[in-house]
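Structures given as structure tokens follow.
One chain, subunit A, links the two complexes that follow: it is found with subunit B in the first and with subunit C in the second.
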Partner chain A sequence: MRRITELAVILSLVLGVSVLLVLAASILLPGIEVRQLAFFYLYTTINPWFQNYTVNSPEAVTAIVWDYRGLDTLFETSVFYLALIAGLALARGLFSETPQGSFNEKTHGLTTIVKTVTRVTAPMIIAVGASIGLHGHLTPGGGFQGGATIAVIPLVFIVVYSTLFLIARGVTSNKMLVLRSIGLLGIGFTSIAAFLIGLAIGRFAYVFQNMPKPGAVVGLPADINGALISGTLWFFNLFEMIAVAAGFTIAFIILLLAGRGGSGGR
Partner chain B sequence: MLEALTYILIIAILGLNALVSIYGIIYGRSLVKKLISLTILSDTVLVAVIFAGFYYAYPIVPPVYQDLAGTGREFLVKHASDPLPQALVLTGIVIGLAVNALIAFGIIQAYRLAKTTDARKVVETLSGVEVTE
Partner chain C sequence: MLDLFILIIRYIGLALITLGGFASVIAAIGFYRFKNFYLRLHPLTINTIWGCVFPLTGISLLTITLEELGAYKWFMAGASFITALIVLMLAPAGSHAIARGVHKSRTARVKPCIADLLDKDLCG
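Let's turn to the complex of A and B:
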């Protein structure tokens, strides 16, 4: 009976995917009407002749992520935050097993060669991550990608040194949660920055407004002294980078503490 | 003709990927294997979305202007890939990561309580009810 059920399930899966394939092959070929939407974004992302629509960012993807569809990204960041909070709640029993004692260079971690190489490469990785994150409005990349790159550092340090090393340096999950909350608060304040400026000077402005729009002339500057920041995009990328790096660090700390069971994360 | 064939080939590969991952989600015994299959399925869907924004115009370029004056606007508008699916996929990756991290925490907790990641044994241990085939 079980065999027949399995066979039926697999057969129906195969048939279902085949039907999907046939449908997809006729739908997924992008037609010219789909292209119109891309025309709009590509045409207006940096365009001095369309001041009412432009974001002043040469990178169309970041412009969509943080300006055209900024609200999506705000809630996406909130989902990530809530998932981490839920993870911390699930793993609350673990913190009684946090390893005690102080870090000892001789007994903890891998060999001197690995430690030295890690020490040399760590600042480079942080520099690359910051470059990816803070140039998100100019080149491919952005806050999430930069933050994910920076979060490699705590992971490597946990493996090469030990959890004790991170705790001795003050990188605990509670502090990272504070940093993550600061990042999320920064994103929230950036999203209402134009609105607050409008309140202060008595002009109308939208929430999540970036560049000046018709009827709402308040906007953030596209550049500071000739250095392009694309209004809110640079600040969004900065705070998202902080938030994501801290969030990943929390996840790594929890997962690696848990992976050692009760033996103490050495 | 060749373009259509390429499309169908890529879609077929994506479908195969989806099939394997759905099979893994249903028949994998270990919760960890189910999670791995789920990540494969979500990545397959994301690749399909990126693929929907792919525009067959040679040479295809990324949707990024090379300078701030926006030179080559007509060329870029004609030849760049669609930036909207890329932005949506970025959102999808972050949310998928959050969900996967949450599931991983749940699996770890189940392992700590039941000392196994076998789905049936976890249910048997935690609920006390014997799972029949």
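Let's turn to the complex of A and C:
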């Protein structure tokens, strides 16, 4: 009886989802023509003949995230920051339980095979993360993705070498919090960079302004010596990458704290 | 002469990709048939080396010969080759760590067992 009921439930779920998909395909399927809003973004994301409205970034997603709706992203970053602060506050008593010994290559962590492979791949992961983050205005990716990729390094090192290794190398949650704050401050300063330049030279400029706009001619350079940086986008990606990498490192250190009596992996 | 060379490289690439597909099927069968955890790790590594590193190398050889891709062929070939190298390094280390961790923590028993020289209690 129970098997029949389970079978009936699964069958009805599958059939229901199929019906929904068929209905959705006939009603919600988007047409082949580009919608008006999408056309605006695609038309203005990089357009040398439309200088007063363009972002000068071939990657429309990053342009939307950090320019068209930059304020939204700033608040998202702040929410992530506050979540980490809350995590640190929640775990504040636990840090005293972290073993205070020094890292010993022979007794801590996994075997030499895994350690060697980790040592070889770590620089590659950093290179890939930096490439994803700093090319965020040119190719798919961006600061958050690059930072999340770089944050894999401390996670792997905690698992393979133990938390003591990170602490011995000076990667503590307090230092990471400082790095994260530097990243967030950088994002804040980048967001008002055009405004500050406007104040300095006595011209009108917006907060979160990137390229010159009609009525506000102050703007950041689209390229440095021919290399496209898309004004504020490159700086936003750089600082977001630092902030996210440090933030995730804090989260991993908190989540994978060596407990009392833990001997670091053995 | 050059055409023959390109043709040979292309067929080596195709052969490696075919070999990868064949090895993946074998690994899947082994994954289904083998009796305990440590034995199942064996087809897993067959899949990562034979079924992943070899076809990726084959793709990189094949794309070098494809003139239709233009300059992007070097990009694709390089990316495939680097990925193959990284998988070649990471996969054995990963399976080694998994096997060692499971055996050390005594999570999975060796069953059916002929001999377990590291830990006799886990046998059987």
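FYI, the second predicted complex is superposed on the first by the 225 of 266 C-alpha atoms of A that agree within 3 Å, B and C clash if a C-alpha of one lies under 4 Å from a C-alpha of the other, contacts with A are read in each partner's own complex, and residues count from 1 in each chain.
Operating definition for what follows: a residue touches a chain if its C-beta (ideal position, glycine included) is under 8 Å from a C-beta of that chain, and two chains touch if they have at least 3 such contacts.
Just so it is clear, the structure is predicted and the values come from calculations on it, not from any experiment.
When the two complexes are overlaid on their common chain A, residue A:V114 makes contact with subunit C while staying clear of subunit B. Within the superposed three-chain arrangement, the count of touched residues of subunit A is higher for B, of the candidates subunit B and subunit C. Once chain A of one complex is fitted onto chain A of the other, the partner contacts of A:M124 are limited to subunit C, with no touch recorded for subunit B. By the touch criterion defined above, A:L256 lies against neither subunit B nor subunit C after alignment on the C-alpha atoms of chain A.
Of the two partner chains placed around the shared chain by superposition, subunit B is the only one that A:L42 touches, whereas subunit C remains out of contact.
Note: no residue of subunit A belongs to the subunit B contact set and to the subunit C contact set alike, using the contact criterion stated above.
Of all residues in subunit C, those touching subunit A in their complex are 86, 89-90, 92-93, 96-97, 100-101.
Residues 4, 7-8, 11-12, 15, 18-19, 22-23, 26-27, 48, 51-56, 62-68, 70, 73, 76-77, 80-84, 86-87, 90-91, 93-95, 97-99, 101-102, 104-106, 108-109, 112, 133 of subunit B touch subunit A in their complex. Taken together, the subunit A residues at the contact with subunit B in this complex read 2, 6, 9-10, 13-14, 17-18, 20-21, 24-25, 28-30, 34-35, 37-39, 41-43, 45-48, 58-61, 63-65, 69, 72-73, 76-77, 79-80, 82-84, 86-87, 90-91, 93, 139-140, 142, 144, 228, 251, 254-255, 258-259, 261. Note for the complex: subunit A touches subunit C at residues 110-111, 113-114, 117-118, 120-121, 124, 160.
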